[in-house]
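Letters A, B and C name the chains as they come in the text, with residue numbers starting at 1 for each one.
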């Protein structure tokens, strides 16, 4: 099954699914790694615009996950997340494509 | 459709397609994140060799993009880029594999 | 052929396959980029727990590589690596899914 995120300021992430603290650490890490206010040339949509593109480039726009016996073969701790990189809420579209019998 | 970049010093990137400034910011960001001159052990092909491997590791070597009605289902602002990480120009090979009917 | 890593603290990497020094530089780079001891909230499994999730998020959990004439179409210098992000050794599971005739 292929998931494809149709955006340049949100991405897909397979991440630890059990510990909310891990999710908060990951959000904080990417906020430090590609911060707002770093003197970007591009800021058409505000200070969170360019950091969102960078965090998207550093993570995944697409994931293909094998299916076995009708289920994704995710590992025990893996969850699939939509990673929103803009400061405010946005409606996002993810395309799902299932290939096989 | 699967795109596969057959190199370890160039990668594939889905990125904002409308604003050239966003592309320049992204190039500058990766140049800061994995800079030349950071005392790498590996420099067989010069100071831009190891940073190119690192920037490749941080982005995508492969992208699979669903096709619907004969068209890639890219979002409005998404463009597919070959991200060259070496300082000089190189000829690059991208394999395309289309699966389906 | 799709490879899928069933973990959140190890990942897949296509990387320079000929120079061990390049592999050491890449390990050192990710150790600096997402270091231990950076005051993470999540440390259920020790100080190497959260850095491992971050390094996984920055690299690939899944790779799809086209096959031609019975062989992966890897480039000359490309090797496929399992990138272990925890400090100690772990048993890891990679799912392989081959689609086609």
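In the analysis below, contacts are C-beta pairs under 8 Å (C-beta built on N, C-alpha and C of every residue); 3 or more make two chains touch, one makes a residue touch a chain.
Just so you know, these numbers come straight off a predicted model, no measurement behind them.
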Message: If I list every residue number at the interface of subunit A and subunit C, are over half of them used by both copies, so same, or under half, so different?
response: different
- prompt: Rotation angle for the CA superposition of subunit A on subunit B, to the nearest 5°?
  reply: 120
Query: If you average the CA atoms of subunit A and of subunit C, how many Å lie between those two points?
result: 18
Field: Per-residue overlap in subunit A, given as positions that touch at least 2 other chains
entry: 33, 58, 60, 64, 99
Field: Of all residues in subunit C, those that touch subunit A in their complex
entry: 2, 4, 6-8, 33-34, 40-42, 44, 50, 53-54, 56-58, 60-62, 64, 93, 95, 97, 99
Task: Going by the contact rule at the top, pick out the subunit C residues touching subunit B in the complex.
output: 13-17, 19, 21-22, 24-26, 29-30, 33, 58-60, 63-66, 68, 73-78, 99-100
